[in-house]
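Letters A, B and C mark the chains as written, and numbering starts fresh at 1 in each.
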Amino acid sequence: MSAAALPAAETSPANASRGILLMLLLPGLIALVITFLLPLIWLLRASFASSTMGALSGGDWTVQSYSTVLFDPFYWRVAWNTLVLGFNVAIFAVILSYPIALFLARTESRFRGVLTALAVAPLLTSSVVRTYGWMVILGDRGVINSTLQSLSLTGGVIRLTNNSLGATVALIEILMPYAILAMLSGFGRLNTQLEEAAAMLGANRLRVFTRIILPLSAPGVLTAALLVFVLAISSFVTPRLMGGGRVFVLGTEVFNEATVTLNWPLAAALSVMLLILFSSIILLYQRALRALET
Amino acid sequence: MADHHVVIDNLVKTYPGAQKPSVDHVSFSLPRGEMLALLGPSGCGKTTILRMIAGLIAPTSGAIRLEGKDVSSIAVYKRNMGMVFQAYALFPHMTVAQNISFGLEMRKVGRAEREERVRKALDLVKLTGLGDRKVSQLSGGQQQRAAIARSLVIEPELLLLDEPLSNLDAKLRDEMRDEIRDIQARTGVTAIFVTHDQDEALSMADRLAVMSAGRLEQVGTPREIFDRPQTEFVASFIGAGTFFEGQVAEPGLAVVEGLKSLRFVGEAPVGSTVKLMIRPHRLVLADSAGQPNSFTGTVEHIVYRGQILTLNIRCGGRLLQADLPTHAGVLPEKGDEVTLAVAAQDVTLVGQVAP
Amino acid sequence: MQSNPLLGRFAWNTLIALLYLFLLAPIIVVFIISFDTRQYLAFPPESFSFGSYVKVFQNVKFISAFWRSLIIGAIVGLVAVSAGMLLSLSLVRHHFRGKAAVNFLILAPFLVPHIVLAVGIMLVIAPLGLLDSYPGIVLAHLGITIPYTVRTITMSLMAVDTRIEEAALVHGASPRMVFWRITLPLVRPGLIAGGVIAFLISFDEATISLFIVSVKASTLPTEIYHYLEYSTDPQIAALSVVLILISVGVVMVVEKLIGLRKAL
């Protein structure tokens, strides 16, 4: 009974309700096709176009861009850098986010809402702004270096920016809210009653953690790791600014080919590679999740 | 029947993809000012009928006639029905007065008249002065009253109520039961309400329409339904009772296996198999085992219910339920052997299979 | 894990506090540095002033980019909410073949890296002459914001009991009236939450914007990005604080209306 749609639609002729449905769907679908579906198709097409400067040339198909990517050792190094960055960021972001997520999932504090908002809110501040914050913290005359110097702990400046270390640290912090959010939704099955039950059955706190909390939170942790990894390997604003042009990852190279070198077919081919990397990681993740659940 | 105010004529609803119709050739009618209860277990199609009358869903076939005019093709918002929903469905973003006024606004009634009619409606349901309250500030009973006011203020052709009392607690339910009956009587509106609660149906309605699995089983006054159920379903759904199956040996006399013969009232050809039913409160303590329509057995279980005593008596391999008034002298105890008797007119014929 | 539960609790709370400090460090530091009086980036500040703020508000480039971002964000918010409302209505209230495909198309932009989308959108709108234009950047932002508006509005819509709409229909409201008088007011929290989130995503978005705009339609994040390539002076800190405050405002609105966790 409750399955009935807007009842007026049912009493009026069927084609009228189809007309209404079309009216509801069309604007959004057109917008999504233009801004999502079409770009992906174009991207694929462009990656097979010849690399004449700037514009796409007509109807010719070539694998030139792909062969450039596959046979130039530079791009192999870029791909390797990207993967290393992705793994480092994912591992540390998950380790640092886990306690916060666990705390938020279990706390009965009346500030829980505020604390959750505080942990998640950075998502809604521009990544450019937060990258700038890390430039201030890690810069040559930034928070860390000036503190160390005023304490006379170091003689000279420790280089924390313009290298992959800075990019990694900044990305860890920038992507942590995603990890926290993913874990929080994954921790739904955790509750203090389970822990109390385990404790009453004689488990000490370490065993409660390893036998109850860790297994139950594993899927959430896995989701968080995946999310952070895929966001890290496709980032370019933070690696570009924190790396000062000395960090080469897929994101920065795509941007470079698209806006500086203006080799759009190459930019497209690199994007397709990134997309393939992305999809294979997601497939692996689904395998892993299924393995965890059985 | 043809000149009745509301006529439901052979109504059928089959949902797309469903094997069986949810409502299967149902017909009944109401004279002006009557209150009819659609009674049945959940899923029997009673709410579907109500929603078809309201116009919220379209019938597969059949007609809904108001004053002889078929309204089944008129759009829901032009039918001029009033409906009280199960969870009231008050508009949460409006005040009580705005809720009541909504239907009048849709009918383009002028502001002054609207205010006057809303005030009167509030008085009618005893919510005087609460018009400016938010819906969320009302108690369950008050929300119920507001929902009734909202559907009556538009002076509907027909008032429809979907399980009107199911969301109230027991005490409030009794109060609102009388209240709804009273409001309906005072306004003289023709009303149909849906319920699965037999007490509610028996105490509120002028007549009952009992449904089962999409079909109409019986329409009648509360008394007819309770005392003269025409089908086994009606007999078992409303009130308690003990059922017997027997062979008609001579007119008005059936032979029941494991018992002596039972006299009953009703037409059944000799040789046919009949279903008979005895209400627990129709059984009385008898002196001797010899008289007709008497049962002798052992008391197996006793429940004391204040005014009545409910006995389960093992008698010839079957269990008989009897309600005895507690002021009836010496009461039997568990393990006692008792003899009970019933008058022939209290043995109801509820079904028969031709020989 | 440890013998002394009180000590354990203290250690745990300290750990959480430190992690929060790490998470909020860039925002805190930007806030402090924005009041520095010096022309170059250094820490800690020597003395406090509003000099950087004054400079930002005199910087024509930033001010005009700010207004452009505001206008673009507002248009994106409005369009994404309208399209999202219609899509949500079709998804929640209608049954049709291909619904799963529509659902997938709406959620898919969540699954594709922004940088890949950016290149694709650039390739699509370049031949149309829409690079570095308002329509170009608005289109580019729609794909990534519509999924959010659909999510918040769908949640609000599912919370509306259809019987309330039926009650309005029975009591004389035409379907159009039901939409304007009942459905729309009841999903307003979802509409506003979706709208401000869409606005903020557009307002803060840098990745896709950097591919689409250069001069004429440059947004505030792209201007800051290009500025940061050469200089990191406290002016940017002051500007960042303004951006953060706008975010905080949006966060509070969304939290109050439907809860932040549900919206993201």
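Heads up, the rule we're going with is that a residue touches a chain if its C-beta (ideal position, glycine included) is under 8 Å from a C-beta of that chain, and two chains touch if they have at least 3 such contacts.
By chain, with names taken from UniProt: A = ABC-type spermidine/putrescine transport system, permease component I; B = Spermidine/putrescine ABC transporter ATPase subunit; C = ABC-type spermidine/putrescine transport system, permease component II.
Owing to the predicted nature of the structure, the values given are computational and were not obtained by experimental measurement.
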item	value
Taking each chain's C-alpha mean as its centre, the one farthest from chain C	B
Per-chain Cα centre nearest the global Cα centre, belonging to chain	C
Geometric centre distance via CA averages, chain C-chain A, whole Å	16
Chain A and chain B: spacing of chain centres that average the CA atoms, whole Å	60
Chain B-chain C separation of Cα centroids, rounded to whole Å	56
Junction residues of chain A, two or more chains touched	4, 7-8
Multi-partner residues of chain B (at least 2 other chains)	55-56, 75-77
Shared interface positions of chain C, touching two or more other chains	163, 166, 169, 174-175
In the complex with chain C, residue positions of chain A that touch it	2, 4-9, 17, 21, 23-25, 27-29, 31-40, 42-43, 46, 55-56, 96-97, 99-100, 103, 113, 116-137, 139, 141-143, 146-147, 170, 173, 176-177, 181, 184, 204-206, 209, 230-231, 233-237, 241, 251, 254-255, 258-259, 264, 267-268, 271-272, 274-275, 278, 282
Of all residues in chain C, those that touch chain A in their complex	1-2, 8, 12, 15-16, 19-20, 22-27, 29-30, 33, 40-44, 79, 82-84, 86-87, 89-90, 93-96, 102, 105-106, 108-109, 111-124, 126-127, 139-140, 142-144, 146, 150, 162-163, 165-166, 169, 174-175, 178, 197, 200, 203-207, 210-211, 221, 224-225, 228-229, 232, 236-237, 240, 243-244, 247-248, 250-251, 255, 260-261, 264
Complex interface listing, chain B residues touching chain C	54-56, 75-83, 85-87, 89-93, 102-103, 106-107, 150-151, 154, 160
Parts of chain C lying in touch with chain B, wherever the complex brings them together	161, 163-164, 166-175, 177, 181-182, 185-186
